[in-house]
Amino acid sequence: MLKESIARLGNRTLQGVGRIGFAVRFFVAIMLHSGTAFRRFGLTIREMYFSGVQSLVIILVSGLFVGMVLGLQGYETLQTYGSEDALGILVAMSLVRELGPVVAALLFASRAGSAITAEIGLMKATEQLSAMEMMAVDPIARVVAPRFWAGVISMPLLAALFSAMGIFGGYLVGVQLIGVDEGSFWSQMQSAVDFEQDILNGVIKSVVFGIAITTIALFEGYDAPPTAEGVSGATTRTVVTSSLTVLALDFVLTAFMFRGLS
Amino acid sequence: MQHDNLVEIEDVAFDYGARPVLKGINLTAKRGQVIAIMGSSGCGKTTLLRLIGGQIKPRQGTVRVAGESLGELNQAGLYRLRRKMGMLFQFGALFTDMTVFDNVAFQLREHSDLPEDAIRDMVLMKLHAVGLRGAAHLMPAELSGGMARRVALARAIALDPQLVMYDEPFAGLDPISLGITGNLIRRLTDTLGLTSILVTHDVHESLKIVDYVYFVSEGVIVAEGTADDIRASDLPYVHQFVHGEAEGPVTFHYPAAPYVEDLRLGRQSA
Amino acid sequence: MNKTILDLWVGLFVIVGIAALLFLTLKVGSMNTVTNSDSYEVVARFENIGGLKTRAPVKSAGVVVGRVADVRFDNEVYEAAVTLRLDKRYAFPKDTSAAIMTSGLLGEQYIGLEAGGDSVKLKDKDRIMITQDAVVLESLIGKFLYGNAQEGAPK
C-alpha cells in the first residue's frame, strides 16, 4: 500500500518534470520561430484583437470595481487613524504594484488563456495543425508565435488599464462620494508613487506574467490529447496552472523588487 | 519525367512504441495513376500516408518521393518537398477561422509573393474545378461535409502539386457526394497530371476510379492488383473485404483469452 | 471580421493602453525621479531617525528636492548616517540644517531641509552638520507625563 503510493508519487513527479521539460523546449521553439510573428506583424495584430481587445471589457469593469472597493475600504481603515489624505497613496500603490498586474493577469488567464488553449487544442484535434505542416508551413511560426507575442504585448497594456481604471474608481468613491480632499488625494499619491520603483516594476511584472500565461496556454493547447475530453481538460489546466504560476511568480518578483524597502 | 515512379516505398517498418504497425511494406505509385491503399480500420493505412508526407520517419526501410529519400532530408528539405504534395485530411481539416477563399489561398500567400489579384484568380480557378466558386465567401462551419471535403481538395491542389494524398475521402458522405468526390479525384488526376494516393475502406466507390490497389492487413501487403484483378480475386481476405462478409480471415473478435476462461465458467464460483 | 476594423480596434487598444501607462507615469507617479546623473549626494548624521526609510522624500519649504538614498548605522560614532540624493537644480548653503519630520501626526516621515546663510554651497559627498532627530512619540508622551513637555523637543 505504502510502496504503491510512494511509487505513484514518484511517477507523478517524473511526469511533471517531463512536462516542464517539454514546456521549456516548446518555449525555446517559440523564440526560435518568432521571425514570422514580427515580419508579418498583421498575424500578431490579429491575435492581439482576440487576446487584448476582447479582454478589455472585463479588465476595465473589474478595475473600476476593485478601485472603488479599495477607496471604500481604505477610507474606512485610514479614517480611524485620521489619515484619509493618504487614500490616494493606498489606492495607487496597491494597484500599481500588486493588484493591477496580478488581478489583470488572473483575468487574462481565464479570459484569453483558456480561449487560446481551446483554440489550439481544437486546431490540433481537427488536424488543422497537421494540415498546415503538410502544406510546408510551420505551425509554431504561423499559429503559436503570433499568439505568444500578442499576449506578451497585450498583458502590460491591460494591466496599466486596470490600474488606471482602478485609480479612477478610487477617486470616484474617495473624492467624489466620500469627500476626501481632491488636492491631497493626487499630490500625496504623486509624491509617494515612484516611476522606477513602482510603475516600472509593475510593468515588468505584467510582462513576466504575460510570458508565463501565454506559454502555458499555448503549451497546454499544443499538448492536449486530440479529443473533446482532452481539450476541455487542457483548458481547465491552463486556468489553474497559469493562475498559480502568476501568484508564485508575483511573490518571487516582489521579494526581489521591494526587498530593500522593508 | 525523370522518374516513372513518383513514390517508392521499400521494405518500410514502423511501430508506435511496442506496437508494430507496419512490417516491411513495398509500394510504388506511378505518375498519373490513382492508387488505393485499402484495409480494415486501424491496419496502418493512415500511418503509411504520414510516412509519405514525412510527418513520421520509418524505423526501417526508405520512402522516396520524386526521387528524394525522406529519411535523409532536414526540416527545410522536407518543407521544400512538401510543396509538391497536397493532402486531403479525413474531415477536411479546413482552417475554421478563415473563409473558404482564404483557406484555398493559404498556401499561395504563405509560399509566394504573388499580388492579391493573381491569387484571387488562381483561387477562383481551383474552387471552380471543385464546383464551389460560389461558396468562396462562406465559412467552413457553413459547409456540408461533402462541400468541406471538396474545398479541402481545392486547397490541396492550390500549388499544383505532383502528388495528392487522400485520407479516407469517402468517409461519412452521402451517396451523391460520394460519387461526386470519386469522379472529382479521377478527373483532377487526369487533367492536372497528378498522382493520387487514396487511403480508404470504401471498396465499391474506389474500385470505380483507381488504377491499382494495395490491400494492407496486419502491417503487410496481402494483395495488390488492378481494379479488375481485385474484383476477380479469390484470396480469402480480399474476397471478404470486397464483399463485406462478416466471417472470413478477419474475425469479428479482437484477440482475447478464450471466452469460457474469461467468464470464469469452468471454475468454482466463490 | 473585416481586417480594417480589426486593425482599428487593435490600434485603439494600443493607444488607450499607452495612454493608461502615461497616466500612471505622469499623473499617478512623479516622473521627476532624481537619477544619478543629475543629482548630488550629501550625508547627514542623526542620533535617532525614528521610522525614516530609504526613498523617503527630502523637502525644503514643502517642495520635494530629493530622496533618501541610503540609511546606515555608523558603528564608529553610534549614529545613523543618512545619505540624501538631491536634485542638481537645487543648491543649498553649507550651513543648511536637516530635520526628520512627520507629515501629520502619524504620517510618513521625511527630511526637511532649512537653508542657512552661508555663501558656500553644499557639494557632492559633503556633510550636513546641523541635524535634528525624529520626534519619538513615546518619549514625547513620557516627558509630557513627567511635566516637562515644554522642553520636549529633543536637542
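Quick notes
The chains carry the letters A, B and C, assigned in the order they are written, with residues numbered from 1 in each.
Basically, contacts are C-beta pairs under 8 Å (C-beta built on N, C-alpha and C of every residue); 3 or more make two chains touch, one makes a residue touch a chain.
In this text, all values refer to a predicted model and were calculated from it rather than measured experimentally.
If you compare A-B with A-C, the chain pair joined by more contacting C-beta pairs is A-C.
The chain closest to the protein's centre is A, with centres computed as averages of CA atoms. When each chain is reduced to the average of its Cα atoms, C sits farthest from chain B. Once the centre of each chain is set as its mean CA position, chain B and chain C turn out to be 75 Å apart. The distance from the centre of chain A to the centre of chain B, each centre being the mean of the chain's C-alpha atoms, comes to 43 Å. Chain A and chain C have centres, each the mean of its CA atoms, that are 34 Å apart.
Listed for chain C are no residues, as none touches two or more other chains. The touching residues of chain A, when paired with chain C in their complex, are 42, 45-46, 48-49, 52-53, 56, 81-83, 85-86, 92, 96, 154, 156-158, 160-161, 163-165, 167, 186, 189-199, 202-203, 260-261.
Interface of chain A with chain B (complex): residues 122-123, 126-128, 130-138, 142.
Residues of chain B touching chain A in their complex: 53, 55, 78-80, 82-83, 85-87, 89-91, 93-96, 106-107, 110-111, 155.
Looking at the complex, you find that chain C touches chain A at residues 1, 3, 6-7, 9-10, 12-14, 16-18, 20-21, 23-25, 27-31, 33, 53-55, 57, 64, 104-108.
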